[in-house]
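Dropping the structures in below, format is structure tokens.
Shared between the two complexes below is chain A, which pairs with chain B and chain C, respectively.
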Partner chain A sequence: MSVLVYVENWDGHFKKASFELVSYAAQLAEMTGTEPVALSIGRVEESELRKLGRHGIGQVIRVEDERLAHLDTRAYTRVISEVADVVKASAVVLAHNVTGKALAPRLSVRLKAGLVTAVTGLPKSINPFTVVKKSFSGKAFALAEIRTEKQILTLAQNSFKLVEKEIQVVITGFDPASTGAVSTHVREVFRQTGKILLTDADIVVSGGRGMKSPDNWGPLEELASLLGAATACSRPVSDEGWRPHEEHTGQTGKIIAPTLYIAVGISGAIQHLAGVSSSKFIVAINPDRDAPIFEAADYGIVGDAQKVLPALIEAVKEAKGA
Partner chain B sequence: MIKQVLFAIALVLTLAVFSYTVARLSARFRLTCKAFPIRNIFRRLLLTIKVAFVQTRILRRPVVGLMHALVFWGFCVILFGSMEMVIDGLTAGEGSFRALGILYRVFIASGDIFAILILFLILAFLGRRSLLKIKRFHGPELTRRNHLDAAVALSLIFFLMVSLLGMNTFTCKLNEISGQAETAWFPVSSRLAGLFPELTPGQLHTGHEINWWIHILLIFIFANYLPYSKHFHVFLSIPNVFLSNFEPLGKLKTLEHVTAEVRLMMDPQTAFAAPASTSVVRRFGVLDIEDITWKNYLDSLSCTQCGRCTSVCPANLTGKKLSPRKIMMDVRARMKEKAPGLIRQGPGFSDNKSLLRDYVAVEELWACTTCNACARECPVNINQPSLIVDMRRFLVMEESAAPAGLNAVFANIGNNGAPWQFSMQDRMKWADGANLKVPLISELNAQGRKPEYLLWIGSTGAFDDRYKRVIRSFVRILNYLDIDFGVLGTEESSSGDVARRAGNEMLFQMQALMNIGLLNNYGVTRILTCDPHAYNTFKNEYPDLGGTFEVIHHSRFLESLIRSGTLKPDPEVFRDQVLTYHDPCYLGRANREYSAPRSVIRALAGGFREMDRNRSFALCCGAGGGQMFKEAEKGDREVFQLRTDDALKTGADIIVTACPYCLVMMTDGIKYNNREGDVKALDLAEITARSLHL
Partner chain C sequence: MKILVCLGHVPDTTTKIRFTDQGTRFDQSGVQWVINPWDEFALTRAVELRESGQLPVETISVVTVGSAEAEPTIRKALAIGADSGFRINLEPMEPYQVAVQISELIKREPFDLIICGIESCDYNGNSVGGMLAELLDYPSLSAVSGINPVDGALVFSRDIDGGKEMVSQDLPVVAVVQKGIAKEPRIPAMRGIMMARTKPLTVIQPSETAEYVKMISFELPASKPPCKKVDPDHVRELVRLLQEEAKVL
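Here is the complex of A and B:
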């Protein structure tokens, strides 16, 4: 019997969370009187794999199949469950991150094992198998019981302390009998270039209904390109089709947090501000001095966008030229 | 003798079929869950008299309401004669109830008048259905069968009346010839009798018998047709009214097994000390027919598809898929489909279908604003929104299948106690630099003082820059009067109203229990708030969870101050302006507060104009039930646009409201109409503060 822990790598390296996971698995194995086994999928240097031994795991299984270079949940599930069978795992431990959350439910079905996610510590008892898990965004805790023979756990991050326990590591290769049909192949990775992504932008220039017409966006776009900023808009603007839907920021649109957010002709309704209030500085341009946006803004210009924007563009040009 | 035997056979057959129907239905009722205990019999009787016998709900639409009421009252009277006919038939007698004397004559006479009245009304109803294009009689949920059902039922009633009048006419004739003492008055039939030629007594007798048999057999057929028809409401609407849920419309049912879970979760000590709960809950919320309550099923059987609910539904009016009538029809149809299997094979039975999704689409459920217009309108007290929320509860708590916007709201409320992502530490920023006296209850408490009121700010008050002004205006009035109040400040957290109406009962109860603990700790007894949603939740929903407070909405508070003369508004401020008032659903329909805000406005301004839809007829602003935080479901328009049209049609300069959501929606509506230059949306507190020059 054993406790199998799947240790994910990032470009061939492990993170602190990986070692927490390994520590947890080792402790769990000790509690249940079984052997801890780590499984690594993908290309990881032997020296990196050996690091797992510092936290009490002596047996590492490595799968270096080229087809498994990228996460494919179906294929990974088959491999992990195959390994689990080989090492007679009574428990499988994964990280409570995107990968772990994607794999755990599938494994649960395949191994017919009960699953508890976001576990915060070692089991309260082994028989019956009960563990504490987080619920409601960590606001509450639940005591969960697993009644199946095998258990699957995903460990909440930063909830289990690293345990230092040096052990000699034995690394064994493993060729999975079947990976199933790998359903996705990543052929090439494109990285976004050129246009600034709204969610990544440091500066955002955003227009609202106060822009009055889709034809008035020229100056706004010019200002954005001068500042190296992304453009955004409020909901009514995208509703009316003045601007593409991707630009819609706010409660039901994109939620952004740039360093500088320039709100032009936006009154500052809560639905909009809910999506931009984390901006470091907010500058508002609005003809209505009573507009609520001025309460949220660090700097405000009372005036019509069609007059203020050209002046602002000139000023930016001047500042840049100087 | 032969007549007696034939009649007895017909009666036994009728009763046999009817008993079969009753047995079938009671087996179906046994599949449902418990709803609420039936107490207050006296109060229930009063309600039944009001709603069923006086037809108050039906008369909300005066013309067609009166038509229906006349038919109903006529039926009640004619029923007397029908009972007599049954006795007559069994005893081979005639006029068995004659012993009642004058009362008998009055009954028979009014029955005679009602018969002709009903006859013409039924013709009018049939004509209305087939010739006039009445919107509420059409809808995708109404099939040809439903239309046919309506026509059949109306026709049956028509022939019932024809035969009744026929019977009476022949009786008159017979009496005339035999010179028999008048046994009853037939004001209508005696005149009809005059139109008939002379017939022999034998012919008259045969004519009478034919009509008698037609009438009684039609009654027997009608009685057994009804339970399979939408017209079952003839039998069930009175019991359905009697068995109404007496809670205010704004109160949703507290799921007790959720409370048990939440209490455990919030206290790790007891959570891990206590043994795992032994009672197993089948599921949270409603997925299929076995999850509904007996009242939901009774509602569905009592529904006669009149469509009054759908015709006032803001979602339906703006082209969305939701139709409250359809929900009721779906419940009935699904029960009919699944019940036989469930009865045969027990609770394990599955036909791989469910009420949710196979009948009621998710899109319908998420279109609801929980404005309760449907429930308010229903003539037989059906409650559609509670079932809609119960199905949302299943989606949210069992499947985490809420729209993305609402999932974000749940996460935010869980993380930072507000539907938006703002820090709890910023909850008092509304008071920054405003030169207001806003005592923190924690500080008062440290000094051993307890303020008279707790002022509940609410998340919108704390974070919406526009609504912060409303709170400041109200606090200015409180300061002006030197009212002893305190606020929770950064300790305040979402009341849970949105979470609950969006189906997240667990999150709601967590918020509620947390807030109740805090409020009780500070010994709070009276809560003042500008937010009807918080008002409704505190007043109606917190008591179930151990929080009993006197809750006062600022509209009532301001009204009493103005009425007592404590506040003396300057009538000059709004002298030349026209004001209209938009009723917030959770102040109006949910808690029946219509007069206080109107009194305040009338005290401040000369020009007050009502919208066409006002008070309990008011249209929702579109933001309730979680709609504020999600994309609208597919439709022609948005609800707030429709409602702003209502408001703008009055020609008002100021749209007054008394709810943070309504204010946001009205403000948006004004903008969409490009009217921000000449029309303003203001809260009651703001106009009051202005009238006081504060």
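Here is the complex of A and C:
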């Protein structure tokens, strides 16, 4: 028996989130008395695959199939299921990101395994199998019980810490028989370059209507670049076209969980908080001392963005210089 | 082309979440139920595609799994521009059960394009679309933020980590759509509301399904300690707190 973890790569590389995911799988395998096995699809150098061994994964299965160069959810599901059968997986673990969210429901049906998405930690019990997940758009947590023999889980972002546990890695190539014809044909790819991705960022600086005009974003961007942070915005700001809709965080936009979220001129409507409340620390800068954002914030400054931001930039520069 | 839009019936996004019966049940008292906002965007886009005249849309249907209380949701969808509605008479408990019910409808009555919203606002399963596609052995596209007619066929744009892909897709397909698919959800016009009354709404009895996952109990996040306010004239103090107390800088 095993726990199979699908580890996605980005141009042949893993991210910090990938290592958190494999740490989780290794711990889950330990809890259930099974072997953790990682599956990698695509071209990844052996040296990169070996990094998975630092977090307790001893067995890596590598699939290189030209037909899987782009995400075709049906073909990927067939391949992951085939590997799950080969390694006798009792659980399959994926990241709760774009790819994981696309594949996990399909795997649930194909493997006849109950799915719980956005789990926040290891199971509370193994028999019955119960685990905590985010629900109601992050406004609550639910304890879910999986009633099938096998389980599919997606791990919520930034919810599990890296576990360092160095072990020897055995890499095995695997040639899937089930890939089949691909039906999703990619015509064009647009990549955001030279910017920190909002969903990857440890620190996010976000602006709301309190910024008053799209012309006032300079200091916010300067602060973000000083902190190595991504920029975000509230819904009214993206609706007004002040910022691109990719930056919109909130219940109907991106849901993020950075270590530090700095909300500038954002009042903190319930829909906005749903998208950011999983942040570890929230800083609010707003002239209205009764704004709901201060209820969600750990630290706050009651003041106008135009005055506070330049002072904050100076203070950060000083602190970084020291 | 025949389009099916799957509608979820969910608490309004501004709902204050509470639980009853020792945290085992979602407290529905005073809750305003609405069409899952992503599903409403999906329906709006389906109607826009037909109006664009750039590809022949034969019918737009909507389906929801729910009790009679979900019927206003279907009527609203018919008023927005769907031609017919199906209600599968079952209180939805989990995505797998919902997907099985809808897959059985599609097996009897095939569609070319099936659209689901990315995430329901209640249990956040965001799973019905993918499960449905696998049950039917159809391809599926996720995180779709655009469906556009190009030379008589559909081109989908989907989000990938840090970018977008434009894809051509063999039909039939299940598209799971998100923000960006339509600008604003359409508001039904008076004429639409009148017409909706006479459009067909078929009630289907559910079949038995296995229970894969059960929600045992719910909990609200622990309340945060009060916000520490820093004087706007001493911004340095905020940086110090972030460095020394929170240890995040």
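Everything that follows uses one rule, which is that the second predicted complex is superposed on the first by the 186 of 322 C-alpha atoms of A that agree within 3 Å, B and C clash if a C-alpha of one lies under 4 Å from a C-alpha of the other, contacts with A are read in each partner's own complex, and residues count from 1 in each chain.
Methods note: a contact is a pair of C-beta atoms (placed from the backbone, for glycine too) under 8 Å apart; a residue touches a chain by one contact, two chains touch by 3 or more.
The structure displayed is predicted, hence computed values, not measured ones.
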item: Partner chain in contact with A:292 - chain B first, chain C second, else both or neither; value: first
item: Touching partner for A:177 - first (chain B), second (chain C), both, neither; value: neither
item: Contacts of A:70 with chain B and chain C, given as first, second, both or neither; value: second
item: Which of chain B and chain C A:316 touches, first, second, both or neither; value: second
item: Which of chain B and chain C A:114 touches, first, second, both or neither; value: second
item: Partner chain(s) touched by A:236 [first = chain B, second = chain C, both, neither]; value: first
item: Chain B versus chain C as contact partner of A:135, first or second or both or neither; value: both
item: Residue contacts with chain A in the superposition, chain B compared against chain C; value: C
item: Overlapping contact positions on chain A, where the chain C interface meets the chain B interface; value: 135-137, 139-143, 145, 251-252, 270-271, 274, 277, 295-296
item: Residues of chain A touching chain B in the complex; value: 124, 132, 135-137, 139-143, 145, 209, 236, 251-252, 255, 267-271, 273-274, 277-278, 288, 292-293, 295-296
item: Chain A to chain C touching residues, read off their complex; value: 10, 70-74, 77, 97-99, 101-110, 113-118, 130, 133-137, 139-148, 183-192, 197, 199-200, 203, 227, 245, 248, 251-253, 259-260, 270-271, 274, 277, 280-281, 283-284, 294-303, 307-308, 311-312, 314-316, 318-319
item: List of chain B residues in touch with chain A within their complex; value: 262, 265-266, 268, 271-272, 276, 405, 408, 411, 414-415, 420-422, 460, 463-469, 506-507, 510, 628-631, 664, 667-668, 671-672, 676
item: Touching residues on chain C, where the partner in the complex is chain A; value: 11, 13-14, 16-17, 19, 26, 37-38, 95-96, 99, 118-119, 121-131, 133-135, 137-143, 155, 159-170, 173, 176, 179-180, 210-221, 224-225, 227-232, 235-236, 238-243, 246, 248-249
